[in-house]
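Got some structures for you, see below.
In what comes next, chain A is part of two complexes: it sits with chain B in the first one and with chain C in the second one.
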Partner chain A sequence: MGARALTCLMCVVIALNAIAAAAGLALFAVAIWVTVDGYKLYPISSVSGKDDIFAAAWIAIFTGFAFFLTCIFGIFAALKRSRGFMMAYLIIMFIIFLFECASAITAVTNRDYLIGNSNLVKKQMLQYYADSSTQGKQITQTWNRVMEQVECCGADGPADWFQYNSTFKQMFGSTYIWPLSCCKRLSTFEVEDKEGCMVGKATTIFSKGCFQYIESVLSRYTWAVSWYGFSVLMLVFLTLMIAMIYYMQLE
Partner chain B sequence: MKTSLPSLQLLFIRVDSYLPDIFLSTDTSQVDFYSRIYLHPFYKMKTNTVIRWMSLLSIWMWTGEGQIFQPELTSNAFLAKVTSNTVILKQPYCVFNQTCPGCEIWLVAGLCSAKGTFDALVNSSTPNILSLSPYPTAFNPSSNNFFLTRVGLLSDFPCNQNPNDQYFVVGADGICSGVNCNGVLPDGSTVCFKYLLIDANGTLVNSSDWSGNITLPKLLALNTISDGLSARSGAMVVITTILCVAAALLLLLFLIMLCVTCCTKKDGKKISVMNSIRIPRYDTHNLKERVHPYDNPAYQPDLKNYSTSSTLPRDGARKL
Partner chain C sequence: MLNLLFILGILCPLNLAEIEIRLLDPKIDGVLASRFPNSFLLGLPDCSVYGNKSAELLYTELPSNENKTKSFIVPSCSVTRLGLLLQNLKNGTTYNMQYKIAGSNDTSANLTMATTNVIDFQQIDSGLPARSGAMVVITVILSVAMAALLIGLIVVLFSS
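After this line comes the complex of A and B, so read on.
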C-alpha cells in the first residue's frame, strides 16, 4: 500500500479511536449514573433477586473506562506503526467488546423479567409492604416514597389492595383498606380527608397506579446501559474493522 | 298487604311531618295538593280503596325522590363500595316514618341464605332480638349466619333530609368481638341486609324489606399472580441478535486476519540496497529476517538523499 494511503488509514484509525475513547468515557459516566440510582428504586429489583440491570451497569462502568484507556493505547499504537502493539490493542479491544456485549444483553433481558408487565412488582408490593423483615422495610419505604411523590396508589391502582390478600391486609386490614400514603395530603403533610380516603372517595385518593412510573424509570436505566452500550459497540466494531485492515497493511 | 300497610303509614306520616314546614319544603306544589286532600282531622289506617289508590299514586310520584324501603348500596362512586368483606350502604334516611321516641335503627347483615332463618326467628317473637346471633360466632358453620348492628337513632335520619353523600360502612370495626359490633362479612359471600326499627326496650317495632343480593368478590391469594416472564420485547431481540452476530463476525475476521498475516510472512522476495546499487536479495544463508549482513550502517545516513524510502533497507527506514 502506498505511503500516503497508509498515512491516511492511520489517521482514520486514530480518529475513530479518539471518538471511541470519548464514547467509552461517556458510557462510563452513564453507567455511574445508573448505579447511583437517583430514583432510589433499587429495592424493587433487589428484593426479587432480579437486579441484573444494576449488575450490567457495574460491568459497563468498567468496560466504558477500559474502552477509553485502550483506545488511547490504540492511538499510540497506530502512531507507532507497530504490529505488536496493534495486535495487543486488537486483542484487548475484543475482550472488552465481549464484556460490553454481555452487559448490554443482560440489562435488556432482565428488564423484560422485571417490568414486562405489572405482575412481579404488584406481587412483591403485596407480599412485602408492611412486612417487618429487612426486605419488607425497604419495600415499604420505597413504596411510601413513590406513592407520595408520584401521587399514585398500588401497582395498577387502589383496587390491588382490596382484590388480593396481602401482608398489609393481614396486619391492618380491619382498619385500613390501603395505606395512608395513597391519600391526598395538604402542604403540611397531613391527610386531607382521612374518612373519605378510607372509603375511596375519588377526590381524596390517588387513583392511578404506580407501575407506569416504576416502569419508565427502570426502562430509562436499561436503555442507558443497553442501547447506549449497543451504539458504542457498533462504533467499536467499525473501529476494529478499520484497525484490522491497518494491521494487515503494516509490515 | 302486609308490606303495603307500612307504605300507607309512610305516606300519611310524611304528609303529617311536612305540614309544619309546608312553606319551607322545596316541593311545594305536590305538598300543597296533598295537604288540601288529606288535611282532615281524621285519617285512620282503614283500607279505604280511594285512599289506597291515591296513596299508591302518590307513592309512584314520590319514589323518584329517593325514598328507600330497603337497604341500598351508596350512590357515590367510592372505590371500596364493595370489597371482599365490607360493603358501603346508604344511610337509612326516610326508611321508617313512624314517630318513635328513643327508637333506633339497626341493620341485619347476613348471608342471603339466612333470610328465612331470620324471618322465622323474628316471627316466633323471641324476646331479645338483639342478642339472637352475636357477631363472633355468627358465621360459624352451624350458626345463624347473620348479625345485628346498630346504625343510629331514628331521629338522626329524618325524612326532610336525604343527603346522598352520607354512607354507612358495614364491616367498619374489622374482626371484632362484641355481640353487636359492626364486623366484617365472610369473604366472598352473597349478603343481604335489612333495617329494623327497635324501640328503647329492645322490641322490634318495624322492619324494612330485604335488600337485593350483593355478591362480594372473593379475595384472591397472592400465588394467583403469575410473575414469570410475560413477553420478550422487541428491543431485547434486536440487541441480542445484532450483538451476538457482531461478536461472532469480529472473531471470525480476527482469525482470518491472523491467518492472512501468518501466511504472508513465510515467502516473498525482499529487495535491499548495497550502497547505491539495487540488487535483488536472495536468501543464500539460513538467516533470520532481522539480520541484514549486506547493509553497511555507516552509509545509511547518506542513502536518504539519494533514494526513496521503499528501496531502503528496513533498518534505515525505521530510523528515518
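After this line comes the complex of A and C, so read on.
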C-alpha cells in the first residue's frame, strides 16, 4: 500500500479511536448514573433477586473507562506505526468488547424478567408490603415513597389490594382495605379526607396504578446501559475492523 | 265514593317509603367499589327523614344463620358521609342485610349480597412473560459481531 494511503488509513484509525474514546467515557458516565439509582427503585429488583440491570451497569462503568484508556493507547500505537503495539491494542479491545457485550445482553434480558408485565412487581408488593423482615421494610418504604410522590396506588390500581390476599391484609385488613399512602394529601402531608379514603371515595384516593412509572424508570436504566452500550459496541466494531486492516498493512 | 277512598287509603299506607338499602354504585356514587372480600359499603338511610336517629343494621351470614347487629347513628344532612362500611365479614359468603330504626317499626327490605373471593398472591405467575424484540435484536447482532471480530483476529494473527 502506498505511503499516502497508509497515512490516510492511519488518520482514519486515529479519528475513529478518538470518537470511541469519547463514547467510552460517556458510557462510563451513563453507567454511573444508572448505578447511583436516583429514582431509588433498587429494592424492587434486589428483593426479587433479579438485579442484573444494576450488575450490567457496574460492568459498563469498568468497560466504558477501559474503552477510553485503550482507545488513547490505540491512537498512540497507530501514530508509532508499531505492529507490536497494534496487536496488543487489538487483543485488549477484543476482551473489553466481550465484557461490554455481556453487559448489554444481561441488562436487556433482565428487564424482560422484571417488568415484562406487572405480575412480578405486584406479587412482590403483596408479599412484602407491611412485612416486618428487612426486605419487607425496604419494599414498604419504596412503595410508600412511589405511591405518595407519583400519586398512584398498587401495581395496576387500588383493586390489587382487595382482589388478592396480602401481608398487608393479614396485618391491617380489619381496619384498612388499602394503605394510607394511596390517599390524596394536602401540602402539609396530612391526609385530605381519611374517612373518604378508607371507604374508597373516588376523589380522595389515587386510582391509577404504579406499574407504569416503575416500568418506565427501569426501562430508562436498561436503555441507558444496553442500547447505548450496543451503539458504542457497533462503533468499536467498525474501529477494530479498520484497525485490523491497518495492522495488516504495517510491515 | 267516600268508601272507595277509605278502602284505597287503607290499602296504600303513607309510609310506603320504607328505608332504602342498597350497595353504593361505583358509577353513580363516586366510590371505587362497594363489594369487598371482608366488607360491604352500603348507602345510609335517608338523612332528611331519619337524621340523628339511632339505627341498627341486622346482618345474617347465610349458611350458618348467625345473626349480628351493628348500631350506628344516621348522620344528619349537614354532615356528608358517603356510606356505611360494614367490616369484618368473611370472604365469599352470602349475607342478608336489613336496616331497622331503633324504637320504631321502620325497617328496610332484605338485601342479599355475597362478598367477593380473594385470590392468593402466590398464585400470580411471575415467570418470564415474553422476550421483547429489543432483547432478540441486541443479542443476535452482538453475538454475530463477537464472532466476526474473533474470526478477524485469528486471521490477522495467523497471516502475520
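Following the convention adopted for this analysis, the second predicted complex is superposed on the first by the 251 of 251 C-alpha atoms of A that agree within 3 Å, B and C clash if a C-alpha of one lies under 4 Å from a C-alpha of the other, contacts with A are read in each partner's own complex, and residues count from 1 in each chain.
Definition applied: a residue touches a chain if its C-beta (ideal position, glycine included) is under 8 Å from a C-beta of that chain, and two chains touch if they have at least 3 such contacts.
Predicted model only: the values in this text are computed from it and were never measured.
Participant: Under the superposition described at the top, does placing chain B and chain C together on chain A give a clash or a fit?
Facilitator: Here chain B and chain C cannot both sit on chain A without a clash.
Participant: State whether A:117 touches chain B only (first), chain C only (second), both chains, or neither.
Facilitator: So A:117 meets both chain B and chain C here.
Participant: Of the two partner chains, chain B (first) and chain C (second), which one does A:187 touch, if any: first, second, both, or neither?
Facilitator: In the superposition, A:187 contacts neither chain B nor chain C.
Participant: State whether A:3 touches chain B only (first), chain C only (second), both chains, or neither.
Facilitator: first
Participant: With the two complexes superposed on chain A, say which partner A:203 touches: chain B (first), chain C (second), both, or neither.
Facilitator: In the superposition, A:203 touches chain C alone.
Participant: With the two structures laid over each other on chain A, which partner does A:132 touch: chain B (first), chain C (second), both, or neither?
Facilitator: Neither partner.
Participant: Starting from the residues of chain A touching chain B, keep only those that also touch chain C in the other complex, and list them.
Facilitator: Residues common to the chain A contacts of chain C and of chain B are 83, 90, 94, 97-98, 101, 104-105, 108-109, 111-113, 116-117, 119-120, 122-124, 126-127, 158-159, 162-166, 169, 173-175, 177, 198-202, 205, 207, 226-227, 230, 233-234, 237, 240-241, 244, 247-248, listed in rising order.
Participant: Chain A touches which residues of chain C in the complex?
Facilitator: Spelled out, the residues of chain C in touch with chain A are 26, 30-33, 36-39, 41, 81-83, 85, 87-88, 116, 118-122, 124-126, 128-132, 134-135, 138-139, 141-143, 145-146, 148-150, 152-153, 156-157, 159-160.
Participant: Enumerate the contact residues on chain A facing chain B in the complex.
Facilitator: It comes out as residues 3, 48, 83, 90, 94, 97-98, 101, 104-105, 108-109, 111-113, 116-117, 119-120, 122-124, 126-127, 158-159, 162-166, 169, 173-175, 177, 198-202, 205, 207, 223, 226-227, 230, 233-234, 237, 240-241, 244, 247-248, 251.
Participant: Tell me, which parts of chain A touch chain C in their complex?
Facilitator: 83, 87, 90-91, 94, 97-98, 101, 104-105, 108-109, 111-113, 116-117, 119-120, 122-124, 126-127, 158-159, 162-166, 169, 173-175, 177, 195-196, 198-203, 205, 207, 226-227, 230, 233-234, 237, 240-241, 244, 247-248
Participant: List the residues on chain B that touch chain A in their complex, please.
Facilitator: Within the complex, chain B contacts chain A at residues 76-81, 83-84, 86, 88, 167, 169, 173-176, 184, 217, 219-222, 224-227, 229-233, 235-236, 239-240, 242-244, 246-247, 249-251, 253-254, 257, 260-261, 309-310, 314.
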